[in-house]
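Labels run A, B, C and D following the written order; every chain starts at residue 1.
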Amino acid sequence: MRRLGVALLGAGRMGQLHAELLGALPEVRVVAVADPLRENAERGAFLARAEEIYLEPLEALDHPGVEAVVIVTPTPTHAALIREAARRRQAVFCEKPVALDLASTEAALKEVEAYGVPFQIGFQRRYDPGYAQAKALLEGGEIGRVDQFRAVSRDPAPPSLEYLKASGGIAVDMAIHDLDLARFLVGEVVEVQAWGAARVDPRIGALGDWDTVSLLLRFESGALGVVENSRRAVYGYDIRTEVFGEKGKLVVEALPKTPLYRYGPGEEVRLDHYRYFTDRFREAYRLELQAFARGVLEGRPLSPGPRDARESLRLALAATRSLREGRPVRVEEVA
Amino acid sequence: MRRLGVALLGAGRMGQLHAELLGALPEVRVVAVADPLRENAERGAFLARAEEIYLEPLEALDHPGVEAVVIVTPTPTHAALIREAARRRQAVFCEKPVALDLASTEAALKEVEAYGVPFQIGFQRRYDPGYAQAKALLEGGEIGRVDQFRAVSRDPAPPSLEYLKASGGIAVDMAIHDLDLARFLVGEVVEVQAWGAARVDPRIGALGDWDTVSLLLRFESGALGVVENSRRAVYGYDIRTEVFGEKGKLVVEALPKTPLYRYGPGEEVRLDHYRYFTDRFREAYRLELQAFARGVLEGRPLSPGPRDARESLRLALAATRSLREGRPVRVEEVA
Amino acid sequence: MRRLGVALLGAGRMGQLHAELLGALPEVRVVAVADPLRENAERGAFLARAEEIYLEPLEALDHPGVEAVVIVTPTPTHAALIREAARRRQAVFCEKPVALDLASTEAALKEVEAYGVPFQIGFQRRYDPGYAQAKALLEGGEIGRVDQFRAVSRDPAPPSLEYLKASGGIAVDMAIHDLDLARFLVGEVVEVQAWGAARVDPRIGALGDWDTVSLLLRFESGALGVVENSRRAVYGYDIRTEVFGEKGKLVVEALPKTPLYRYGPGEEVRLDHYRYFTDRFREAYRLELQAFARGVLEGRPLSPGPRDARESLRLALAATRSLREGRPVRVEEVA
Amino acid sequence: MRRLGVALLGAGRMGQLHAELLGALPEVRVVAVADPLRENAERGAFLARAEEIYLEPLEALDHPGVEAVVIVTPTPTHAALIREAARRRQAVFCEKPVALDLASTEAALKEVEAYGVPFQIGFQRRYDPGYAQAKALLEGGEIGRVDQFRAVSRDPAPPSLEYLKASGGIAVDMAIHDLDLARFLVGEVVEVQAWGAARVDPRIGALGDWDTVSLLLRFESGALGVVENSRRAVYGYDIRTEVFGEKGKLVVEALPKTPLYRYGPGEEVRLDHYRYFTDRFREAYRLELQAFARGVLEGRPLSPGPRDARESLRLALAATRSLREGRPVRVEEVA
């Protein structure tokens, strides 16, 4: 009944969620929380029951009790922090993505592999009970050979233009979750065709980005897939995934959020719906951190690991190229 | 590919529904439609593709092509029309109930049995695909021994006070459908305890009737049941039935009516809901008439038959007595 | 309360469905049924309550009571029968498609337009209560500007190779229904990219056809769409359609077929599912024929009409070209 | 950002759940865990991150950091522990029930009130998001005057006969949760009629207990209610609650447990279902403890409190009397 000594790097909005979840895991002892804003660091430390706070992440890494780090800082800092942790032989959990380009991603992961430290990337959907059960059923042959895949994700509202400018574009920032699910549930993708538009806000188009995209995927296995994303769904967070095979179909969709049905005038029944990904995937965030902590404590391999961090990014970059060039793009073109 | 020659007696609101359904059954040739209002008779004949119209039901019975009658006239006329048809050796389909009291019911059914004419009573729910499949599963042992039964029915709005005065009370007019389902799905009931109130309209209470009732049932098998009714549900027609057994549970409930989900602002999903029993049970009404026609043409026994007409009424009368006297009533007390 | 005099041409499997539905419409008097197989013609006449049977469709057209024809013969005969009816000034309802190529389609429709006869094409989904309500809501602005569209259709099992050889290929035979829905619900499509595979049966690939296809659509409005089809879904008929807009989302999907929930051992709940399109769309078939009859009787314009017959085919042909050539195809290329 | 110092008394099966939940609440610092089995106490302390373990609950109460106690020990010890905590001016959270009889319950609660310590009873359903939202909607007038109430609860399997002997009978042990919901959502109950049977296991009947019960309730407001319970549902934990009013209906039921739909051969769709109450209500258990901690820290009144502990028990005892005597029982008879 040992607890893993963890440093939490980053205590902004997502960092506080991780702080609360880490603080609630019996397997974890958060020894340090780092955030440049003292208020964030203090709030994070309260939630995580952490012993020390730091304004500088590298100092937190040097705390002697740190066996593992959980990185929830802004994306541009990820690669360097991964390297620093790897050099200290600390296990690494990093929110996705490692970086917005393949070169930095590969450089950081090379170091992880060189030092042999355990590494897990934060594609949290893989730990959602619905997706995890779908994966188990697929591996058990429940629907046989997979022939088609569909995934849709829509956010309730677009992020700020500031955020978007640094996001790497909708494919790298948003579709990557659906592309990772495609890889998780069906296998590697060899070709992608993507069409996009700026429907929600013309300023997003002016950035050279898109807010509405639809993609065709061709899997190595010959299966076909489609992915759809939008930056705005007024009814809340919209996520549904379907895997169709020779012996059946699996659909992952949470509806409704609260187990309450309202019957009202006008022959109408109303349910409520998820508001956002932190709402829909709170349990998945908890489970991925628990899997990380248990995996490190027990010396078991972590998943999703470096390969997933790299290949899901490569696929997102191929989609971005297709969006720009208006033609089908082979994933291997992105190197 | 013979068609059964049918006289439709009664072409009011429910009669017109029957006219349209009979006119759509290839197994049926409606030779006569009777209604004291010429306009109703004409409309019914148009819908039923009938050859002749009558203002007087007995004249319709004398049409030489009549092999069977479908009785949708006001309740007080049912027993006499059943007798007249039986004497003419015509098969009888009668909308429920035969009569509001047991004596008239038994007298009419005795004649039916004496002449040996086929007889079917209009408990249409038994022909709804959901209930019919539930019955088949129960007979196949799907859930083993039944231990509990629940049925709820609520109408969208109370009928007129005129109607209510002649209705026999809520148990005989409304709960009887749930009580018949109880008998159909689980078996005979030996004891009932009913509590009632006039919540929707005090004038209903002033008639000595109730608009809101909840019942406990004890089945011969030892199983327990509950039934709930209300004369008003602002969200439309409300009907749900549950059968719980040692190996599982069956629930019959249609939701939504139209296969359309509306996702709107405010994280809300809306479905629509059935408006009324003619809406929810249109297909059941069609199927019960088809079963009647086919059964008569092929000489097969009809169901539900005289015993169901009598026993479901007896149970409703026992519930009425319990409502009045505030005590558990043995069904056998009603004779 | 006049009835429209109809000749039903074709009384095979689909013809018999139409016979039964026409026979059940009070607005219709089927005066003639034609089928080269006497047995089919007789069965169709029984179901439709038709007065005369013919082995030769042109003879049926000459029956003096024929005001309108319902064409359910094999596809290659459609265009000629449409022309013959048009020349006789008879209103025409034709099962889709008019023909497998654009030239024959346009030739037949030109004649329809020249004679000014009412014409309706059998895209029955438009009359399904779910799709019809979706259309009404879209026209009422329920979800504002449409941004994305998704449709999936999967048949329970592939038809015979004989059938497939003459089918025009999966896009013209199957995707056309989803493409027509796209046009119905969202508007005209200007570009399509389609990828296909033969996953279900390699013999389908050997015919130069596909059994599994996924399509990207670009609408004139700038909206994006995806369509997915498969020739085999072991769980039954699979159809789901989603329209996503700036103010909400509409989803049309019927689940379950029967209003019965089965709770069984192993913490499991089971529903049943539609078996095939005749099962899922029976009411739509009835409603489209009723709309046709009422429209002709009342002199109102019919829908979907010649333009829909032509444009939905053109779109399917564009998809076929994209499947063959592996590139995005502008719909206007198909002329 | 202060944490409430809590002693957890009892670390058996339910105690460990509370340990884990308390350990995950940032508002709480568990200073002591007590259980007569050292193994339980140690496991509980690990989960709760507690500082000290005790084999004797009274010693834990004497730990100087204890501001509040959470009592999850066996029922017969509750009343004495409540008193001891009250005397120490510690806030009390007690798993239901305080005691199996009204006299002991009232004695313990009198002391709580005398010392003015905050007290909360563990009717966790009140904190489930579905029930809590239903309550808020009811208070907001969403469905107007309530006319009917229905609640069903069924456990997956009966507890041991040992447990049952000391349980107080099915009404006090099991129906009490539904009766408390009735009071929470609708208001006080004045009369109850209960029928019961031993269907699942005759040995339960031999104990003078029942495993299958159905109840009628009459509320002070004139509304009617039904409650159904069974000790065994092979499909898992079964809980559904309906509140019907003049302006609508609210239904609380969680279906399915995991957001995964499985479409399989035979036109079948499968969902999964909750296994047990700890599964269905895990979040409610967390939220009730959070509400307790926050309420004590902020000096706000706790709910459900002493009155609910007493009145829901009184109602369960009235149901027990009705089960025994086979007659309607006025709740006020139980004193």
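Note that a residue touches a chain if its C-beta (ideal position, glycine included) is under 8 Å from a C-beta of that chain, and two chains touch if they have at least 3 such contacts.
What you are looking at is a predicted structure, and each value in this text was computed from that prediction instead of being measured.
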Reference subunit A; chain at largest CA-centroid distance: B
Subunit C on subunit D, rotation in degrees - Cα superposition, rounded to nearest 5: 180
Separation of subunit C from subunit D, taking each centre as the mean of its C-alpha atoms, in whole Å: 56
Distance between the centres, which are taken as Cα means, of subunit D and subunit A, whole angstrom: 37
Subunit B-subunit D separation of Cα centroids, rounded to whole Å: 42
Sites on subunit A at which at least two other chains make contact: 233-235, 238, 247-249, 255, 263-265
Interface residues, subunit B side, partner subunit C - complex: 1, 20, 23-26, 42-43, 46-47, 49, 128-130, 133-134, 137, 142, 247-255, 258-265
Interfacial residue positions of subunit D with respect to subunit B in the complex: 145, 147-148, 150, 152, 154, 193, 195-197, 199-200, 212-216, 218, 222-226, 228, 230, 232-235, 238, 242, 244, 246-249, 326, 328
Residues of subunit D that touch subunit C when the two form their complex: 233-236, 238, 255-257, 263-275
